[in-house]
Structure formats: structure tokens, C-alpha cells
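Here chain A shows up in two complexes: once beside chain B, once beside chain C.
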Partner chain A sequence: MASSAVAATPKKRSKRIPLTYVVALVPVAVALNIVGGQINTVLKLPTFLDMIGTAVVAIVLGPWWGALVGATTNIVSSFISGPIGLPFAVVNVVGALVWGYTIRWGWGKTFWGFALVNILVAFLCSVTAVPIYVFIFGGATGHFADMMTAAFLAMGQNLIVSVFSSNILVSLADKIISGFVALAIIEALPANLTQGIQLPKSEGIGKIVWIAAGIVVGVAIALIVTALQ
Partner chain B sequence: MQGVAIPITMVAGDSYIHRLNPLPKLFIALGVLILSFATRNPLVLGVVFALGLVFVTAAGIWKSYLRVVGILFPISLTLVVMQSIAPAFPRPWTPITDFGPFTIYQEGIYSGVSMLLRIFSMTTFALVMIMTTHPSDLFTSLQKIGMPYVLNFILTMTLQLIPILQNEFAIVLSAQKSRGMKGSGFGAVLPSMVPVFVGAIERVQQLSISLESRAFGSTGIKTSFRNVTMSLKDYVIMVLGVLATLATTVWVIADKSLDWSRTLIFPPTLSIIIVALAAIGFVAFFILAISYVLRA
Partner chain C sequence: MQKQEVEKKEITVGAKEGLGAGIVALGVVFLLLPSFSQKIADLDFIQSEAFGILTGAVLVMGFLTAVAGLAVILTKFDDQS
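For the complex of A and B:
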């Protein structure tokens, strides 16, 4: 490898982490995404839960490794549940890039900053996902959001607005939950992997309470979304 | 974990399709994918779908195939309902009849039916490819045509890790239940993700050391445990398959008379029956889904 002894800046995190480690971490993150998504489907939760691994890798290793996890997730899951999910690889990649870059830029230093990052991810993921839903699947998702889409349609909205309105609600709940679960996972990772990452700082139990609060807010949004149907 | 088994895996068999090299199957499946998106004509898509079912029969994978198609069922129902009342089609739309607060449009039914056939035709070919091919054979073949070794390794590794993580989830959830904690719903699933992932990270460290000790990333010729060869027959089928899908794609794009969106008229009664059946299924599915969430 050509990487000389140049002291890596904090931006070049992946340079400090050996290739073999990355090659081993990416499949684990992808598998977590896929298993999370499967559990979400089986328990019929009003979220997606298929981007937690993406968030962890995007934040810890960098946005482009996260993007690799995102794309790989949808490619591998197309081997498991058919090619329906394949076009949504773009959404997973967008999520990874937003999480990766915003955390690098230091937007997620504080709790509310981190929550805001998740909201931004949710918004941009919806913007990417809606055209795919509308033009490839005719607005159908086989998900909870369909009922809301039908409600918005009945109110006289057009298909794109209806799909976006319902998708953003589910997406907000999903990305806030995924972001904070990822934060809890990152907290539990070996210190050599996570040093230098700018994430909400708080001590011991305080931080866990913050994380739980974040998750509860996410779940509350998800339940309100379900109730509204 | 009960109920979270991988629905698609290779179905063991010795049919002609099983014995075919993975590459012709992959290229034909990709060709059908492109073809399905190139047209909205229900007849063309229907023929492709029927052809797919012929391959399903030839491969003898009906049982597994139907199980996976069951997953597509809710999507199919919503698709027909959504499209009938809000077609993903340029206006003006031709109203056929009223259906409760909604109006059913001619273009909507057309669009719904064609999108449904599109999803089913591409999925059928993809499933035939996946269910008759050992993943390692596919990745070995891809490596032969220049797919990077690292990417190949990541994909294979992921497929192997999924059952392991499913198992660990089941263990963590059982441990929670045995201690009187919740075993389903958000309250159980989210906290269990942390120990599962952290446990997996320990595995990553071992795996990393193991890879390091085997000189992963070194240059030189890589060999594979499984050996896949391309025979003349495989080449012929690959070339014919690619040419057939390519020619059909060019034809469906070039022939403008295949756009039946304004000419294929659905009678009002038939339209109401299609949409009503889909709507009943759609509502039943959501009542079921909501009851799941309330129980969680």
C-alpha cells in the first residue's frame, strides 16, 4: 500500500483502520441492515429499520464506506427477497452520505444537532425514494404508509405529494430511531475505532438517557403515524 | 428466529436450469429486467411472465417460488388500488366509473395491471436465477469476468452472516423474554440490536486477524474452492438470451403501436370488480398489520 507514514488527519479515518477490518465490518453492517429490515417486516413495525448498519459505518468509517454498505444491502437483499428493493439502493446510499458528511462537518456534536442530522437524512431519503415509489411501483409500498397515501389521495392531493407526505412521516420516525440506535452501537464499539468522531457528548447514564429519549421521540412519532391511519 | 427465515435460498435440484452456468442465467435475468422497464404493454409483459413460469416449472421450484410471491401480494394489492385512483400517467385521464369517494380511471387500471405484470415478470426471472444457482458459484463466475475480489468477498461474507445474526437476535430476544422483559415490538427489538451488533464486532476482530494471517489483499492469482466452467452450450444460451431480450427491448421501444393506454378499454363492471377485490385485500392486510402493532 502506498500510504506512507503521513500522519492521517481525522478526516482520513479509514486509512488508520486496516483493509481487513473494513472488509470484515462492512458485511456485518450489511447483515445487520438486512436482518433489521426482516424483523421490521415480520413484526409489521411502522418503520424500515434497514439503515442502522449504514449509519454506524457511515459515521465510524466514513460516508463512502457507508455508501458501500447501503448499496451492498440492497444488492444482497435482492438475492434474498427478490429484486424489488434494488432501486432503493440509491436511498440507502444517500442516507449514508448525509450521515457520513454531516457528522464529519461536526453538525452532530450536540444532541439536538444529531437529531437534526437524522431529520435531514429522513428528508433527503424521502426525496430520493418518492420518485422510485411513484414511477416504478405506482405509489405502492406494501407498507403502513400506503393507508396514509390513500387518505392523502382522498383529500385530493396528487400521487407524488401523497406518497411524499406519508413517506416522510415514516421516514422521520425510522431515521431518528436508526440514528440513535446507531449512536448506542457506536458508544459500545472499541475505542480505537471511534476516537475523534464528533458525536453528542455526555457522561455515563446521562448519555444513555439522552439516547433513550431520542428513541422514544422516534417511536412516539411512529405511533402517532400509526394512530393517524 | 422463528418466522424470520430467509425466504429465498437455492433450491437443490438437478434440472437443466440448475446445471446451467450462473452467467447466462444472470444476463438473461438482467435482460428481462431492462425489457420489463422498457414497456407498459400488458401483452408483452404477460408473455414474459408466462415464459418465466415455464422456467419455474422446468426448474421444479414452484413451492419456494409461490412462498416468495406471497411476499409481493400486499404490494400488488396496493398497486392496483393506488393506480386506479391516481395513475402515474400524464393527464388527461379518462374516468370509467365512481368508486366511493374516488374515481377509477382507464389509464389507472392500465397502469396498475402493467406495473403488476412488470414486477412479476422481472421477479420471476430473478427468482429462477437465484433459486437454481449456488451463491458461491455465482460469485466465482462474476470474479472470472472481472468483479473485484474484495467486493466479491464482501457479498459472499454477508450472505453467510445473515443466518448467524438472525440466530443471535433470537438468542437475545429469548434471553429478554426469560427475564420477564418484552419479547416483541419496538421495546424488545431496538435494545437487542446493540448486543447483537457489538457481539458481531468482536467477530469482526477475529475475522480481521484471520484474514490478515492468510495474507488477504496480497496480489497474485486467487483460487476458489468451487470451480465453475463455461461450456460451449452455456456460451450459446448466453448469447441467444442476450440477443433475444435486446431485440425485444428495441422492438417494444420502437413500435409505438404497443402503447395501449388509450385503446385497451376496461368495461366499468370489470374495473369495479378488479379494484374492489384489491381494495378488500388491501384493507384486510392493513387491519392485520395494525393489529400486529397494537399487540406489540
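For the complex of A and C:
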């Protein structure tokens, strides 16, 4: 009786994680972010794709490990592709904190909840990025979104509204894609690493369908953004 | 017996180490900001001065450092081994 009660009790997630997991996962996540960012730059996509690794680590290991990945990504990429990326380290860190804390607070237990978490990440990242765009770079950094900013400015909007309008659209597509790709990666990680994380639960092919649907929604938003040019 | 010895040797990390690593990363960004502000100001399409870029970046990073400090205060490090 006692043994069956013990067996029925869900295994509590240990708050301490082996250092080997951190040593293995953090550099891979940084590399994933940098490769994603480079692909995005080369293909001139209406996204950023430099926060997939950040999302994975923030959700699996914790928000401040995600912050480490985010900051390291922008430090390394600023040496590879120019200094513009460094001030945006703060955006990557904010994304990590929002993903990490909201998932720990249980906001991402359902697929709709997880989608809302991604939308919240997109909004807060844009709120953080807009002052950097406007006050440091004067509204333009050479990204795809600059064309949209120019279009909004031509419509008579002021600079802050124009930059925010273009950035939130790009960020929304980017964070939804990043969040659901991260969810797919987390599903592929060893079970003892992801045990106890409050992520959407679904049996069999259901989860794959939800993840694919999330990515498709993100891509659709990106295509709409492109079509708006 | 052997398994227990192996488990004892395994180094683990928790919320405290995570916070520490995040704050170290913020510190490294702070260290790089002065030289990178000048590099950004030297770019053709940038109209801002290096000092303005540094000021803006430090303001934003300082806010995050304050958040990190709050996290240190509010986080319960009850997972220490």
C-alpha cells in the first residue's frame, strides 16, 4: 500500500542540476543562437532567430542561465559580425528572464498558455529594443524591419511609434517561431533533464501537431510582414 | 556503495549559481561597452556620439543589473546541497 502510494506520487524535480548539463547545454545554445542569427542575416529574413538557444536554456535550466546564454550570444556575435549586436544583449537577456520565469510560474502548461508566453516575450523584447533602436542607432540598424520603419515614417508616424510598430511585428513572428522550435528541441532532450518542467502535455502525435502549428503561425506572420513591404 | 560514491562526486548547480552566472555575463557586457560604443559611433550610418551610445547602453544595462539584484534578494536559495 505504502509502496503504491510512493509510486503514484509524481517525482519532484530536483532544483539542483548536474554541472555537466550546464557545461554541455550552454555553449550549444550560444552556437545555435549565433548560427540562427547568421542564417537570418544571410537570407535577410523578417525575423531574428537568435534566441532559440536562449529559450531552450531559460526553460530547461532556469532564467538566469538563459540570461548567460543571451548575453554570451551577443558578446560573441558582436566580435563576428560587428559591434551593433552588443547593445541588444539586453533584449536577449530580457527574453531569457521572461521565458524562464513564466514557465516556472506555470504560465506555459497549455499550448495556448505557451503561445501567450511567446507573445509576452515578443512584446517585452520590443519594449526593450525600441529605446536602443531609437536613442542609440537613430532608428536603423540595417535589419529587414528598417524598411517597415521607413514605411511607417512615410505614413506620418513619429520615429518611436514607427520603430515599435515594425519591431513588434518582426518580434512576434520571431518569438513564436523560436518558442515552438525550442519546445521541439526540449522534447528531444533526455527525460531526466526536462523532468518536472511545466510545459504543455499531449500524447502521441498531438504534441508534434501543436508544435508544427505554432511554427506555421510564426512563419505566416513573417510572410504577412514581408507582404506588407 | 560505489554508486553512492559516484553520486557524491557529481557537482551540481542551482539557482544561486545561475544568478551568479547571469550577473557575470552582465558584467562582461558592461566591460565591453566603452570600446564597442566607440566602434558603433565610427560606423557610417550612425549619427550618435560615442558618449551618448555609452550612456544609453549603460542606462538599459543598469536597469537589468538592478533586476538581478532584486532577484538575489527575492530568490529563496533553499536548494543548496
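Things to note:
Here, the second predicted complex is superposed on the first by the 213 of 229 C-alpha atoms of A that agree within 3 Å, B and C clash if a C-alpha of one lies under 4 Å from a C-alpha of the other, contacts with A are read in each partner's own complex, and residues count from 1 in each chain.
FYI, a contact is a pair of C-beta atoms (placed from the backbone, for glycine too) under 8 Å apart; a residue touches a chain by one contact, two chains touch by 3 or more.
Quick caveat: nothing in here was measured; it's all calculated off a predicted structure.
In the three-chain model built by superposing on chain A, chain B clashes with chain C. Looking at the shared chain after the overlay, A:42 reaches chain B, while chain C stays out of its contact range. In the superposed model, A:131 makes contact with chain C only, not with chain B. Legend: residue contacts after superposition of the two complexes on their common chain; A:200 is shown touching neither chain B nor chain C. When the shared chain is aligned, no partner comes close enough to touch A:179: not chain B, not chain C. Shared-chain residue A:162: touches chain B; no touch with chain C. Once the two structures are superposed, chain B and chain C can be ranked by residues of chain A touched, with B on top. When the two complexes are overlaid on their common chain A, residue A:108 makes contact with neither chain B nor chain C. In the superposition on chain A, A:140 makes contact with both chain B and chain C. By the touch criterion defined above, A:61 lies against chain C but remains apart from chain B after alignment on the C-alpha atoms of chain A. Touch criterion not met for A:95: it reaches neither chain B nor chain C. Comparing which residues of chain A touch chain B with which touch chain C, the overlap comprises 18-20, 68, 72, 75, 78, 82-84, 135-138, 140, 142. Touching chain A in their complex are the following residues of chain C: 10-15, 18-19, 21-26, 28-29, 32-33, 36, 39-40, 43, 45-48, 52-53, 56-57, 60-61, 64, 67-68, 71, 78-79, 81. Against chain A, the residues of chain B that register as touching in their complex are 1, 3-4, 6-8, 33, 37, 68, 71-72, 74-76, 78-79, 81-83, 85-88, 101-102, 111-112, 115, 119, 122-123, 126-127, 130, 135, 150, 153-155, 157-159, 161-162, 164-166, 169, 184-186, 189-190, 193-194, 196-198, 200-201, 203-205, 207-209, 211-212, 216-217, 282, 286, 288-290, 292-293, 296. Contact residues of chain A toward chain B in the complex are 18-21, 23-28, 30-32, 34-36, 38-40, 42-46, 49, 52-53, 56, 68, 72, 75-76, 78-84, 134-142, 144, 146-147, 149-150, 153-154, 158-159, 162, 177, 181, 184-185, 188-190, 215, 219, 222, 226, 229.
Contact residues on chain A toward chain C in their complex (touch as defined above): 14-20, 22, 61-65, 67-68, 70-72, 74-75, 78, 82-84, 86-87, 89-90, 93-94, 97, 128, 131-132, 135-138, 140, 142.
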